[in-house]
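In what follows, chain A forms one complex with chain B and a second complex with chain C.
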Partner chain A sequence: MIDFKTKISSFFIFNSSLGPKEGEELKRILFFHPNQVTTDARKMQVGLCEAVVKFMSTFSSEPCDALQTQTNRYIFYQPEKNFWMVLVVRIPYTTKALSAIGESRGEVIEPTIMYDLLVSAYKMFRMFMGPFQNIPIEDIYTTCEEFFTPYILSKNITNDISDVIQGIHYLPLDKNSFFKVICFIDLLEINYPDFKCISFVYNDQLIWNALSKNDMLTLYQYLVQKLLPTQVAKEIQGDAVAAAQRHGRFISPPEGIRNKEDLQKLVKVYLMCEDDTETKQYYLIVYRTLSATVCFIVDVNTNLQIETFRSLDAFIGPQLSTIASTISEQCTIQALQNAQITSDTKFVYFNRLNLAFKSSVNRPINKLIPSTTLKPEVLSIIAGMHSDKKSLGNYGEIIVKIPDEYWITGKTSNEREFYVIIQEKNATLKEISDEVKRICEAQMKGVFFYPI
Partner chain B sequence: MASTSKDNTNNCTAEQSNVTDTLEPGACSESILNPTDSFEEFASEMSSSLQDRDSSLTAKGSTISEIQSEIGESSKENAQMKNTKSSDDLQSKDGAMSASASNSNLTEQNGVDEDCDNEKDDYLQSPELVNKEKHVFILSSAGKPIYSRYGNEDKLAGLCGVIQALVSFIEEQNQDILRSINTKDCKAVFLVKGPLILVAVSKSNESETQLVLQLTYAFNQVVSMLTLTQLNRIFEQRRNYDLRRLLSGVERLIDNLLVFMEKDPAFLLGAVRCLPLPEKARENITNAIISACNKIRDLVFAIMIAGNQLITLVRMKKYTLHPSDIHLLFNLVRSSESFKTAESWTPICLPKFDATGFLHGHVSYISEDCQACLLLLTVQRDAFFPLSQAKHTIAEKLRRSNCLVAINDALNRNEELPTTNPLKHIGIPEIRHFMYKSKSTAQLFTSDPISLDRLQDYRTRHKEGGDITVKKIEKLSDIDYVRNYRKFCSQIHCTSIPAKLIFRSNSHDTVIAWVTNGFELYVTFDPLMEKDQAIRAVDRLIQWIKKEEHRIFIMNAPTF
Partner chain C sequence: MSHFSLKDTEEYYLALSDQPKKFDADSPVTNVFFDDTNGEVFTVRSGGVTGVTVNGMDESKCTSFRMEDRGPIISIKFSPDHKILAIQRNHDNQNAIVEFVNFQDLAPTNIEYCHTCKWKNAKILGFVWPKVNEIAFITDHGIELLQVLPEKKQLKNLKSTSFSGAWFSWCSQSNTVLLAGNNGVLLQPFSLNNSTITKLQKLELEASKPVMERDVCVIRLCDATWCAIFRHSVSTASSPGPTEVWLMPLSSPNGYHHTHVLKTGLVGRFAVHVVDELIVVHHQSSKTSQLFDIMEESKVENNTAIHIPIVAGNSMKPAKDGDQLCPMYSGNWVVFQPDYIIDARLGCLWRIRLIPSGLAHSVVKDEIPKIVAVLLRRTEGRDTIYRMMNQLVTEAGTYLVELTKAFDEIHLVYRKWADLEMARNTAGQTVDTSRSPHRFPVIISQAEMCSHVLQSHIDDKYIVQVVTAYVRSLGRRALAAQHAAAELAVRALVARGAAGRLRALLRRGALADARPLACQLLSLGRLQPAAAQLALDMLARLHAKEEIIEVLLSWDETISAVGVARQAGGTTWNTLSPRKLLAAAQQYAEQHSEPTAFIAIYHMLVNRNEKLRGSPHFLKGEQCDSYVEYYKRLMSEQ
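Right after this comes the complex of A and B.
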């Protein structure tokens, strides 16, 4: 794993229209990391970015994406008009320049990962704080400071396939188990009409979702990368022994919901449900039993009573723990089956439509244990294939051989992508292609890929 | 590096059937061209730090003075060379000074920005400039416009000021070098070379590296008219000098060069295209040149070219030409109508050969009925008459030995020649297009050799265009295929993760890009091509090239 924080030279957010006059440059800077940078240096960096954005706008109607210098890469993202988020990362222009700054290839982070980081940082911000433009000017500086500083410091980035292709791990279930989950959700929503169940997660795998595609990923990342790891850590420390006796508990807000005061601590989020057309503000409530986690939203205008939560707890607790054990049995069976077909081949599957992500190079839930990582070179090739969707079109296949006998195959079929990494000496194109076909059939039964 | 290349050989053996593993069509132990990979050279240049950059341009010795001293040139000239060198050394100091001056420029710029913005933007949005696929700007490090591919560079002073400010700001404040800026559909690439700043703003599918190479070519084109020594000296003396005064005529050369680079795969591969000729005919031409010129002591190169293709090159022992220098010569000849009417005597600086001085060139077309052009390059500044004499002898010999007919046949793409329509001759219907580079000799061959009249056609077509147009393509031209290869080339030539083999198949076509120690090959097939079928086709293709190699490539390296 790469120590990500040391790679970031700086991360800042600016809006040139906030301090239009000379001398007001500092007002344009909503947020600047690291904190110890002098105001002059901040102004200079932001000034450069403003100039670059302006320069490119004379040639292209698209917003500026990146600025590359000999040793740094500035990654730009304009989530809302005039609001620019910029990440400055040490990514040298050439590999030979790497040695000059004393780094090796393995430590260089893929630029696409950094761009995605900006996007997910913004989406997370928007989920909890709402869009930049809706935040009053006098609050925006502190809001950004309070949100982004901990966000940046807590963010772990690995040069990992799951960071190159951000997706969701779904948990495939048999009909009966899935039916139980659905019944549980329906029953709950009928009994508590103010509450809407938006996601059902087992470990780090999604079973049920009721959010629009964009928000689904953000919420999922929040759960899997932020909320659940801290929760699991707590459980390991022994908190959970008591909790488990009570079948389950509310884990958001973090102290649970025990009395009236806790109701004030409910987390507010901006989300869009699957069938809605606009984003609304809700309370987010997360409940967890064993390894199952359920998220609910309640309209912020609802008058909430502590009794409701008590009865909800009593209702969900026993039901959820039954379901969780059923799923747990399922998972054990699946694991046994999978063990029979697993080989040392590495593959990645991704569906852009529902963000389903499946990979043999999975990482553990909390990223504490390094997974069977891919070589950075291989990762870079896959990142290239993933971002260059156009060149394969709706149906296509690409096989690339790079040094050290690595063969990387990418296939697309409409919105689905499948990548296989094979390292084999003296292989021929035909052999590789046959092997890929075999893996595709074994792992992705029933999913169509060209060539058949 | 060494180990990977070894592995690579093993692989080819495995990938291909036994027949082709030893075949490297066009390979030759001795090459007239310097096969140094320009991509590798480029990479090392690009990785230099800010400090290295200032010194790199002045470090090289002068090849020309070396030749002159070898053939006993007067010592006066040598002394002059030394002078110019020491003045080069001053350049780096001056560079530092100018940089600090430009910094103050920036703050000024920021102040004025708001005022001149509107005016500047208006011109940039004018029909002359808007919606162009690729802009190229050249300016001095003081921010004075020198060249713009489109529009009037006078009106671009504002834009050039911004570019200069960006470049110097990053150098001064961040101790860094500005390389590129990207949007989703557009790349701006920056190159600072000596006293010049070159910028390409492109919406094409060319990679950053390919764009920087093109800027390097544009820089070399400027150097070829002035020499690096003179260029540096001018700006040492007057930082604010308006270089356009010295470059009248070069604009057109750069215009043509830019079009040439977009169309001809020779640039993509860093190789030279040879005019396919029967081995015997080429031998006769070479011998005619050698026998007419071997008495002329200070002749460095005798080059015969036709339609951007090399016919033969005879050289002084020890010296070879770099493909990029030959490309500049192609461009010079193609762009200068005046060479057609009279024998010319012109100073030419070949930047890769020796950027510090001029060679003197006798340039003339062989005869009125043959479009081959002969360049005799010497270090002697008053050798016009002996060279003119030699040229007439050569022309006479070629006519008598029927070589002119052979050249004309090849140029007019006579149907009977196997190289005129290689795909038909090879007889593999699934192959739509291919291009092949022999690495050891830096020569290339494509399935669709460019003929003279078609080159003219590109030029006229380009004049109308340069704009981005979305047209429905009914039949792909060879240019479209080459465009398609750009991405493959950049992956193959990538210095960090060089791909060895790429097979890509989609609903439009199937492309194989394959590189070994000896060659690079790019083939476009029909879509849905089976892999083993494609490999077999590649096999046969390579065998065909091997069979025709003596016709397609120059397989020896003659000297005077």
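Right after this comes the complex of A and C.
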């Protein structure tokens, strides 16, 4: 079980250059979790990491990745010069005393998953706060505290394939409905030239994106993991805004945009647009009707008027609800079609170029019900293949058999990854290979795979 | 409400002929007659003694001659081939009689003869020439259709029909006569085609509202024949309502079955014309002419479709006679079908014509798509549509919605045309397109739209949105984006930094798979790996194995290229040049220090040789010696 809650020993960020003199060690620690740890213990942990990082730098120009001790595994990530983020995870180990009382040996967490956690934590921080180095020294401790504490506590990583491979669920839409979305966006951007629509999400599936690949994932994760779940919870409770929901409303800032004061509460983000070359600061505005969520950005130097937002609301509301209903109809039809062709095949698909993620194991709609269909061992194998891009190369296929009759096939081709999980006791390698080929052809119609 | 105005246009959508056809004006000694079948004006001076002049739009048919004055002329008309002149004179208390003079080279011969109507005491209301050597006498007793035998100076009865009528209306385009009986309550049409008289479905009007001769005409519109009636509101009412024009189908082989009611919203004297399948309703007192299009989308209720003018009523463009401005909508005007106007006082004959660009001179924003639809149904509409679309694209910031709908109209017409073509091609010759209710004077293909409109706007501010709207519209009408459109879309989107949108569109299948499109994407692939990924998928869907092999070879993926070739099998694999593969394999092996790659490909080729020719060796012509050497070297090294 890859369960971070119980396995994370600590998480901290430090920068040695902030307190170079002896006695100023605490200044170096920007953030430390859990916060009940004493300052001495903090100093010791950070000191160890500082030493290791420094020591390793004499051997390699590459920054240090990880450190493993008998009880802990340290994962290092240096997002900016001198800023180090460290995740410490307990390693299950057994001593005679422990095994005597029945403590069993747990699973080892894939270092890549931990590393991914650090990277996405940093990216989320940078999206909202900007790079560490741009934050004034006097503010950085509180900024980190205010951001990372809730982030770490709310980070709910379950035993799920979508945490092993971080991707985006795209909504399969027919082209005419898709054009409806795009033309709506075009019309809006022409009428409100200050506003740029950066994403259009239906439920938790992406339809339109105008951000660079990296930022797209971060914003998507923010939407579907943080903003939308709280919003949906609110909607289910049916609070005061429920009546107005059909016509849509601004959900970021959370109280909506009703008067001039609300304009001060607009969230600022650092993002890079698709086909753009630099990251800029924008206001992030999120609007939602029915199940459709639209995100806009406005340059922070724009002088915003409350009237603009009122007129925007009147413009988007009715149009968006029409589009949302169209999409909803489409989804119902698709769901019916899919229900008829349910297959037992378990596969996972990931496209590195647009981060598209698709899986028969865990349909995105059922995200609320944690998937138990993939065994931790299987997940761990897939995680290994996903992170180890070298062994598969540009194209290739690996078939792994683990105990319990599981066959895991990993395939890459043309920047795509395709994994098939087959449970079959008396199969031969040939049979599995043929079966994978068949599934691949059935599921990935119209996609070119290198011949193996 | 904002208005769209097409640049460099005048407000006028109707004009008279640039120069009128001049003839001697009506005077006490001169009588003027008009033959609407041939479109000719006869000016008869002193009963023909001092000369008869025939003027028409066709210069070659104009002539003048002299003839005896045998009494006041009621009607004078040439046969369609101008070889016989028929004259009806007013002879009191005499049998109804028509005189004939044979003509040669537009000059009278001395061969003259006459024919008396078969009914005694009948009054000839008029005569018409349905075709060469056929004449019909229309009398108050009925119609008599006769064959003229000019050499024998005789007429032979072909067919006659009795009907008691007071007046008639003639449509020369469809050879239809409409006789009015029962004091203008019963209208009986007859068709004079195929050398016979066919009685058509009669029209019965409310007994309380009979029609008068001046309120009725028979017109040809949309390949159907119609009776157009002005229905004036009852004059006894305290506030008289406006006049309506009722169009009732007389013969409709092509699906026009219901009555069309044109709401003029005006009272007074009217006249009607047909120009380019549009009904023109002239109104004298306001000096305006309204246009109605019965082909527009309209709701049919009680078997009736209601229409309003397609644009606000406007005057015709003032006409000039030399440098002199002519009085317009003059009381001296006489109107003939389909599009003639005569001013007998001035001695001018005009035809009216449509100025399509005038329709776009001032258009309410919402009605832009409607105007485009109207223009699509006009023979001269194409150029104006291009101009409108160009201007809409330039001003896409204001007109994006209307532009999208205009695209939809264009594609709707294209779709209908394409469906019909398809039906015709699959059904062979059995489907006759002329019977279809749809005519397609303007069909704008994707290539034309690109070259005439979109191409020149490639640097416009909103080209990305415009191209998206265009491709969307194609999709809405289930038309695949063809090469011209796809190529332009790719170019516009990439040039304007919207490559992400392009990829999104491709992933949703908005641009149809095609080899040229795939090649265009491949060329982008160097900068955008995602474009290359999509290109390869597209080639795979097209089963373009040869292209895939070339792509993989160029990407230094020799092994995969051979894999694809072997999958394709047959000739693809058997005919692949071994030299090319070995060269690529050697390069790969040396660059990646993987000699096995070369060896594998070498072995595959040797196997192929063995299968094809029974010998593992390469042919001399295949020029593989250096690679055989290389293979030997590798093997010896191992």
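As a convention for this text, the second predicted complex is superposed on the first by the 413 of 452 C-alpha atoms of A that agree within 3 Å, B and C clash if a C-alpha of one lies under 4 Å from a C-alpha of the other, contacts with A are read in each partner's own complex, and residues count from 1 in each chain.
Keep in mind that, in the parts below, a contact is a pair of C-beta atoms (placed from the backbone, for glycine too) under 8 Å apart; a residue touches a chain by one contact, two chains touch by 3 or more.
All values reported here derive from a predicted model rather than from experimental measurement.
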| item | value |
| --- | --- |
| Partner chain(s) touched by A:Asn303 [first = chain B, second = chain C, both, neither] | neither |
| First (chain B), second (chain C), both or neither touched by A:Glu405 | first |
| First, second, both or neither for A:Leu67, with chain B first and chain C second | first |
| A:Thr58 touches, of chain B and chain C: first, second, both or neither? | first |
| Partner chain in contact with A:Thr277 - chain B first, chain C second, else both or neither | neither |
| Which superposed partner A:Thr428 touches (first chain B, second chain C, both, neither) | first |
| Touched partner set for A:Tyr395, first chain B, second chain C, both or neither | both |
| First, second, both or neither for A:Glu377, with chain B first and chain C second | first |
| Touched partner set for A:Met44, first chain B, second chain C, both or neither | first |
| Which partner, chain B or chain C, touches more chain A residues | B |
| Set intersection of chain A contacts, chain C complex versus chain B complex | 394-395, 451 |
| Complex contacts: residues of chain C adjacent to chain A | 396-397, 400-401, 404, 462, 464-465, 468-469, 471-472, 475-476, 497-501, 503-505, 507-510, 529-530, 533, 536-537, 539-541, 548, 557, 560, 563-564, 566-567 |
| In the complex, chain A residues that touch chain B | 44, 47-48, 51-52, 54-56, 58-60, 62-72, 92-97, 100, 105, 377, 380-381, 391-405, 425-430, 433, 451 |
| Residue ranges of chain A in contact with chain C within the complex | 173-176, 178-179, 182-183, 186-187, 189-190, 208-210, 274-276, 351, 353-354, 394-395, 414-416, 446-448, 450-452 |
| Residue ranges of chain B in contact with chain A within the complex | 4, 7, 10-11, 13-15, 43-44, 46-47, 49-50, 110, 120-121, 124-125, 135, 159, 162-163, 165-166, 169-170, 173-174, 176-186, 188, 201, 203, 208, 487, 491, 495-508, 528, 531-532, 534-535 |
